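Next come the structures, one after another.
Here chain A shows up in two complexes: once beside chain B, once beside chain C.
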Partner chain A sequence: MDDFTLGVLTNIGLFSFLALSAYLLLLAGEMSFGQQAFFGVGAYSGGVLTALYGVPLPLAGLAAMLLGALAALLVGLPTLRLRGLYFAMATLAAAEVARLLFELFRFQREIDGELTGPDGTQGFRGIRWIFEHGVEPAEFLLLVYGLLALALAALMIVERSRLGTVLRSVGEDPGLAASLGVDVNRFKLGVAACAGALAALGGVLFAHHNSYIEPRNFDIMLGVHSLAYALIGGLGTALGPLLGVTLDIGLLESSRVFGGTRMIVFGGLVAVLLIVRPRGLLDEQLVHRIVRHSFKRP
Partner chain B sequence: MLLDLLQNTIDGIASGASYALLAVGFTLIFGVLRRVNLSFGPGIMFGCYAATWMHLNFQSGLIVLALVAVAGAVLAGAYVERLCFAPHRSGSAIAAMVASFALWMQFEELVTLVLPRHVYAFPTLHEGAPLEFAGLTLRPDTLAVLGAAVVLCALLHRLLYRSRFGLAVRATIENPVAAGLSGIDTGQVFVRVFALASAIGGIAGFLIVATHGQLTPMLGMWSTLKGLLAMMLGGLGSLPGAVLGGLALGLIEAHSQWFLGPQLRDLTAYLLLFALLAANPAWMTRWTTSRSAS
Partner chain C sequence: MRMLALLLALLPATPVLAQSAHADLTCRFTGTDFVYDCVVRLTRGGQPVSGAQVVVGADMPSMPMAHNLAPVKAKPGRQPGEYHARLDLEMTGEWAVKLRLSGPLRDLLVLHYEFDERGARPVPPRSRTGR
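What follows is the complex of A and B.
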């Protein structure tokens, strides 16, 4: 595999975490414009831990996930009882606050005679753990997809369990779910924390893949993209968001056929696709039909 | 000190006037459709780019440029309405929103294909020196923006509260089903309101680029964010609220820039919005209590 393909594949994996994070909240009936904030929290905290304190990447990853979950709880606690656009705008405001705080965040230490660390709008250079520890790009790709597979497996097991049914019921009709004994607010908080941790994990990996991050990476565009990925791919299965990311980054970034008009072509395709399939390519009905066909009893 | 406060207030109201227009456009669309049009700002940007193109190729006068900006924004709005909102009228709000985001990407690429430079100069409304009055400075063009906004709001008020069309619009905002049952063609209301909102957006966009004297592809995102922010601050779904929200956003920005510096300006506005939403005051969320705002 050449470097370009490796890069594209790794990026697909990285942004899949963010798309899954948006997907999880969509299932619970909430549209978040702010998952990029937790991606950013993961990227910054993971980067600080490995580059400034020499913490090994796996530990830093766990810490970043914890921080991402905490940040999501912090945002979710006062906002999750809001509905629809109110919640979307609250998360957007929170994410922009986070991005602007990253712009103010200066925390540098001398590492090997060089100032390293977040430097406000100048960004955060020198997150070199994977280079220093001789992790080859192909190995990193495996790491990303291994973790992604774990996350997917966990999500798919949850979706097929009672918990998944509760999740979808909370998303479909929170009032009805509550009347059946589900503590909707606590349940949503748990979902938000998991989504925050997922996004943060993606962020840690993103920071170490790029070795350089800046506040602009985590702007509203990233957040809306992740929502779009989840919806284009489909809300029927956790594989949907992956399909969305693959379609966008994979087809678009790697195909130079359309030249300068690729966003025009792709944007139009997405709009038309959503007319035909408003809940994405792999929506609940299609997934149900596939599952029924492949597990047909004799 | 007092003078600075006054000056900031004036500047805040001046920029707030254009935010108010953006918020009014957003609110009209949200009010009747219950959908967020993320392409509202990019559509305005499209109109402004069309005007810039006219300016570069034909050196048209300001009036022609304003008309082109409005026509471009309405055209873009019609395209967005057909592709993103007409098909999802009764269906998914999220699908409509994501579709409008997809078209945003289209607008952004289209304008940079035709006019690829990062910044384009735009003719300003008034070249003259700022007016000085008792130590306060007033730019003539911001006065023009303020005047235009007041006139536009007055006209809109007349249209909405003194005409049959306005009655139909308000009925549709109040309850689309009941409006349909009493014989209002809500589909037609949707289309006309979309055009009206886009035209207001086009005027707002023209006034904004003509006071800034320049146009960048960032205008799309900027207008969408400012419009959304002002609409939410004014308590989603109310037109007087949208005007107040716009003015409030202008004032917050002007004062926080003065007291806390430019870096904290946007932070203050977003923090305030977050705090407001978290506090969930009744005037802000009366829409969610009467019906789902999603």
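What follows is the complex of A and C.
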């Protein structure tokens, strides 16, 4: 496999964490435009730990997930009281605050005779853990997809459990869920924390794949894309957002033949897709039909 | 299972490459819209690095995921540590040029350059604001 294909596949895997993070919140009935903030928290914290303190990547990943969950709780506490559009706007504002904080974040140490670490708008260079430890691109791809498979398996198990039923009921009708004894606010906070941790895991891997991050990597465009992944792919199953990422990045890469107008072509294709399939490709009806067909008795 | 083994193997991994590479870029506008002939000069510890495989890609930091360049392989130049690549960008402006190195050293270097009709210049630190 050539470097370009490996790079595209790795990017699809990395942004899938962000897509799953947005999907999880969508299931709980909340549309967040701010998951890129937790992706950024993961990227910066993981990068600082490995590049400045020599912490092994797996441990840095765990720490980044914890920080991502904490950051999501911090944002969720005041914002999850809001509903619908107000919540979406609040998450967008919180993400922009996070991006501005990344622009102000300066924390450098001398590593091998060079200043390394976050340097505000100048970004954060030298996140070289995978290069210094001889991790080949194919191995990194395997790591990304292995972790993604774990996250996906966990989500699919939850979706089939009682917890999954509660999650969808909170998303569909929080009033009814509350009347059945579900503490809706606390439940949504838990979901937000899990979504934050997932996004942060994607972020730490993204930072190590690119070796360089800057605040602009985590701006509103990424938030819009993360929601689009779930909406294009469909909300019927956790595989939907992954399909969304594959289509989004795949369409972007395959529309290169259109040169400078490819973003117009890409936007048009997405618009047509959402007109034909308003709840995404793998919507609830299709998933239900597939499941019913698969388990139909002869 | 293979992934778990990889994770465990990564836990005590020791560094195999301490010194990072440095690169600078010189680009000449070809006269065709947004096409530049670029020379990459690669050094490590002040010494030119020859025999490396250099793949050049580029992103627009102001429009992440929207405008990027499909990676092109750079060809070794006449001077030690020199590599030539033709970049066919989508527009002028600030680009983050990504040099993926393999062979005698593995690394990924990111250089911020401003491209226009005169060529390319490193972006001055103070002008790189978020908006």
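Keep this in mind: the second predicted complex is superposed on the first by the 295 of 298 C-alpha atoms of A that agree within 3 Å, B and C clash if a C-alpha of one lies under 4 Å from a C-alpha of the other, contacts with A are read in each partner's own complex, and residues count from 1 in each chain.
As a convention for this text, contacts are C-beta pairs under 8 Å (C-beta built on N, C-alpha and C of every residue); 3 or more make two chains touch, one makes a residue touch a chain.
Model, not experiment: these values are computed from the prediction.
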item	value
Which superposed partner A:26 touches (first chain B, second chain C, both, neither)	first
Which of chain B and chain C A:79 touches, first, second, both or neither	first
Touched partner set for A:263, first chain B, second chain C, both or neither	both
Which of chain B and chain C A:103 touches, first, second, both or neither	both
Touching partner for A:183 - first (chain B), second (chain C), both, neither	neither
First (chain B), second (chain C), both or neither touched by A:172	neither
Intersection of the chain A residues that touch chain B with those that touch chain C	100, 103, 221, 260, 263
Sites on chain A touched by chain B in the complex	26, 31, 78-79, 81-86, 88-90, 92-94, 96-97, 100-101, 103-104, 220-221, 224, 227-228, 231-232, 260-264, 266-268, 270-272, 274-275, 278-279
In the complex, chain A residues that touch chain C	3-4, 7, 56-59, 99-100, 103, 112, 114, 121-123, 125-126, 128, 131-135, 139, 142-143, 145-147, 149-150, 210-212, 214-217, 219, 221-222, 225, 252-253, 256, 259-260, 263
Chain C residues within the chain A interface of the complex	2-4, 6-7, 10-20, 55, 57, 61-67, 70-71, 90-91, 96, 98, 100, 102, 106-110, 125, 128-130
Residues of chain B touching chain A in the complex	30, 36, 38, 83-84, 87-88, 91-99, 101-106, 108-110, 113, 221, 225, 228, 232, 236, 263-264, 266-267, 270-271, 273-274, 277-278, 280, 284-285, 288, 292-294
